[in-house]
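Structures for review follow.
After this come two complexes, each holding subunit A, first together with subunit B and then together with subunit C.
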Partner chain A sequence: MRRKMSWRNLFLSVYGWLFLVFIYVPILLITVFSFNSNPVNMMIWQGFTFDWYRTIFGFPTELNELTLYVESTDQLYHAVLNSLTVALITTAVSTVLGTSVALAVARFRFRLKNFYRALMFMPMIMPDIILGIALLIFFVSFGFGLGLHTIIIGHCTFLSSYVFIVVSARISDMDDSLEEASADLGADGWTTFKRVTLPLIAPGVIGGAMLAFIISMDDLVITYFISGVDSTTLPVHIYGMLRRGIKPEINAIATVMLAFSFIIASVGLYMRSRKK
Partner chain B sequence: MSKARRTLENRRRLTLFGLLLPPSAFLAIFFLGPLAIMIVYSWLTPGLYGGVEWKFFHLNYGRILGWADTKYERFDPVYFEIFLRSVKLAATTVLLSLILCYPVAFWVSRMPEKRKNLVIFLITLPFFISLIVRLFAWVLILRPTGFFNQALMGLGLIDEPLEIIFTGTAVVIGMVYVFVPFMFLPLYASIEKLDLSLIEASQDLGANRIQTFFRVILPMTLPGIVGGSIIVFIPSLGNFIGPSLLGGAKVVMIGNLIEQQFLSARNWPFGAALGMMVMAAVLVLLLYYIRIVTREERQADGPNVAEEVAA
Partner chain C sequence: MQGILRIENASKSFQAPEGGVIRALDNVSLTVAHNEFLTLLGPSGCGKTTLLRAVSGFEDLDSGEIYIDGQPVSDQPAHKRPVNTVFQRYALFPHLTVERNVAYSLEVRGIAKAEIRERVGNMLELVGLAGMGARKIGQLSGGQQQRVALARSLVAQPKILLLDEPLSALDKNLRHKMQQELKILQHELGISFIFVTHDQEEALVMSDRIAVLNGGTIQQLDAPEELYRRPGNEFVARFIGESNLLDATVVSVEGASCDVVLTDGTVIRDCPVNGLKQGDPAKVLIRPENLVESVGQSSADERAGHEISGTVSESFFAGTDYHLVLACQGLPPVRASLRAGPGTSHHTIGEQTSLFVPHDAVHLIPERGAPA
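== the complex of A and B ==
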């Protein structure tokens, strides 16, 4: 019996480690080959180079112009700037909206509560493409004109519900007697909110905001439909590059993005461990 | 005293109103509004040069479902076939990620606490990595000159590169890779909750391993299985990024078809009708999920998958 158990555990370990290899090898390959100097076949190692990074940051290189894809780094910077603008505004707006509904649902009694719960879950289970085309039809038929503002509005619709769910989870772990105590001791509603409720839900709010920021930076499908001609974000820009042809600079761009994702995720994890 | 209570009550009501008004207004206009207008669009007449005419038209659905025999057009089952193929590819994605994740979830659930947190972090970390970057990685691997073919040729297993990219297989591999963390979390949540004494009881009562698995373990982890499957199925079904990068023009899924209708063919009403097909498939699945979960909850407190994933 004991021996059999250990055989099964061995199988599970090997399988589990293989699974982690499956998850991380593709990412690792991008990073390693972003330093490959072979301009023709980026998967055959020819030598170490920083040239692809020089290219995307706009430094002069010794590369043949024909092998380059990023004609102007301006476009790339423009896309990055757009992404950051959208993500920052979206994060602020959707954090306020999502937290408001979470507080209302958790701390008040009203008739439409279940309706609000369902409403906040809907964008999460809706396929991206549906929300994308619905927003496109809506913006165009009401003459909004596609641009950064439509991307921001679009992102807020579904990111509010991500914030809502993260904050709600935090509130449900929370003890509401503290708020009652504050009210009993004579604090008015605003003081109680500022001094008691907000500090208590802050980790949830920050977590929700970070999630909103990451998803907004990464969203491709919805943005793809509702971004105007000169309001592309970074993922949309890269998607366009990939569709026109695979060039080695994309490796470098992808690696820089990977680095950012790892930093943000690690900060998130660090904050979560401090919360506990 | 009662007056003081009444002002307190009024103030609470005002606060509630203030909390709910902005999000309600926002979501009513920019979420429910667009959905409503999409449904309306799917029943309108497509204009000759893009745009719509505000006339009722049921042939958008007819072209998909089979009653579009008009003077100008004969019914062509190609659209319904694309829909079915997308359902099939999405279902394959679900099945593969399930098979991939189930043992892993068991593996993780047996770990000591500290290591467990690290491994869960490692498995969910790709969620924070841009989707386009992760798909791009597989383009690099599966291309004829890509890593996979180079490796096989280097080992002398094949002489010519295999044609993997631009096939359904490539699309499924990419989608499994991208959506696998969604499957892992709900599965892990339900496997973690497994009561080990029930498994022992089953074995004590003489059931063999296979019986124990199918009669005890599988039913008890069913909410996780169904929840994870739905969370993977929904984004797989409407996906067009994966198919366009890894499937090229050869593997057209319903997502690509919808994208074409909106961005190149400019037949928006037909595109909206195709979108409604995707919605319908998703709704059917959700209703099924709700039925399973409520049945489980009546027996015991089942996990809420959506919340697990968000948290």
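== the complex of A and C ==
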């Protein structure tokens, strides 16, 4: 019996360790290789360098132009700027939309309520590629003209759902009678929202917003279909770079993005931890 | 009577989840006087909470009107009505301190900071929470939360305070203490309280008047003693206090008193007539604590017509009282609580015994449908 238990424990620890190895070793490798000075084969360690970071930020290096993707950093910056623009606007719009719908579904009784709830879940379970193609056909047939605006609209369609789900979970934890108490004490609807509802669901709203921001920054598949020629976002730009082969700069870009996501996620976790 | 609150012909139906319609309020009319402590008492689903929510503005009536201080309020949303509610689970704002919770109604109305501070301070003192203003709600005990809820509602100086089973979450000792405090507070403040509960003991202790509700209608609205001693119908008799209800027929009427015969043939004499006529069916209500041991009651002549006899089927001692159940041929079991004094003795099961029924201990309830 004891022996059997220990076998099981051994299996579980091996499984646990493998899980962590497969998640974090690739990330670790990419970070390490981003400092590798070998321009030809980035898998072979040659020496420590900041050159790859210097190139992506546009500082002069002594590297051979041929080893680089980035002829000028303008394109890269442009893509980053596009991504940030899209992510910020999308986050703002989908947070307001998702939160409003979550409140409406939780607070009011209306016909087909569960149908609307299901509708809000749909974009989450729909494959990205189908959503991308569907949006492309929709935009083209209605003559939208592809650009940043189509990316923003596209992202909002599915990110509102994410916000809806996160905020809904938070609202369901909230005691309905708190809003009644507020009204009872003389507060009108807007005052109640401002003073009671919003402060109480704020952790959910902030969490939903950050999730929306990260997913928007990160999205490739849907954006790939609905971005115009001049409206390349960072993931689409990187994907374009990769088609010309994997070069060491990509490690540096990836590491910077990773650091950025890490900071956002840390802030998010911090906000969550102090919700009470 | 021009009271602080007047409810006229209030009706409200709900769609039941299983289909069908629930009549939560069926043509309810009620007036609450200034400075009155009125309790809405009834089993769950009787409509008491619906009635309270209609007054506070959280439930719209299908028909009827509510007047607060003479003004119709049906068109007023909850936040404009001059009433405040203490909610069943208090509904305190968890993100605010005790002080900010109590200050809420004043802040919302834009009252000056200095005045808010003063009024909140006074109110916290009144409910015995002075010095606790900076605490978070989560740091308070159930009893303290109850006091915060009370302070938060009272600081707004409502014309009526509505209390929705506010003591049900407290343990027994604390509940008794709060019952007394609430009653004293109501008396000091001079505001009308409308208190909802399903606990008849609580209602009896606290109220000036009690409205007993069942099935969406008021069964009886009276002072506690009147309700207890002279319930208007069988429901009220059963709902309030312990009761023996025996089927009977009036055999003769003589002025204000009458004789009735029980289903086993026992005659009980000199009952208050309560509007009944000869031949009317009635329920005889005898409270268990009003029965006395026959032994020691003067002569057999005087006892005749005031006795119930049977076999002791249950008997136990409960400190202040002996509880007996008497099985009588042709009658439902009769319960008696005999005061445990020097003269009373323990009855053993199987013993034959008679219990004396004082003539003023009997109340006759006209059977439904009988002319009252």
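Here is the rule we go by: the second predicted complex is superposed on the first by the 274 of 276 C-alpha atoms of A that agree within 3 Å, B and C clash if a C-alpha of one lies under 4 Å from a C-alpha of the other, contacts with A are read in each partner's own complex, and residues count from 1 in each chain.
Following the convention adopted for this analysis, contacts are C-beta pairs under 8 Å (C-beta built on N, C-alpha and C of every residue); 3 or more make two chains touch, one makes a residue touch a chain.
Please read these numbers as outputs of a predicted model, since none were measured by experiment.
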item	value
When both partners are placed on the shared chain, which of subunit B and subunit C touches more of subunit A	B
First, second, both or neither for A:S177, with subunit B first and subunit C second	second
Touching partner for A:I30 - first (subunit B), second (subunit C), both, neither	first
Contacts of A:R195 with subunit B and subunit C, given as first, second, both or neither	second
Subunit B versus subunit C as contact partner of A:A209, first or second or both or neither	neither
Partner chain(s) touched by A:A187 [first = subunit B, second = subunit C, both, neither]	second
Footprint overlap on subunit A, comparing subunit B with subunit C	none
Subunit A to subunit B touching residues, read off their complex	9, 11-13, 15-16, 19-20, 22-24, 26-27, 29-30, 33, 41-44, 96-98, 100-101, 103-104, 108, 110, 116, 119, 121-131, 133-138, 141, 153-154, 156-158, 160, 162, 165-166, 169, 189, 214, 217-218, 220-221, 225, 235, 238-239, 242-243, 246, 250-251, 254, 257-258, 261-262, 264-265, 268-269
Subunit C residues within the subunit A interface of the complex	56-58, 77-80, 83-85, 87-89, 91-95, 104-105, 108-109, 138, 152-153, 156
Subunit A - residues contacting subunit C, complex	175, 177-178, 180-188, 191, 195-196, 199-200, 276
Subunit B residues within the subunit A interface of the complex	11-12, 15-16, 19-20, 22-23, 26-27, 30-35, 37-38, 41, 100-101, 103-104, 106-108, 110, 119, 121-123, 125-126, 128-134, 136-141, 143, 145-147, 150, 177, 180, 234-235, 237-241, 244-245, 255, 258-259, 262-263, 268, 271-272, 275, 278-279, 282, 286, 306-307, 310-311
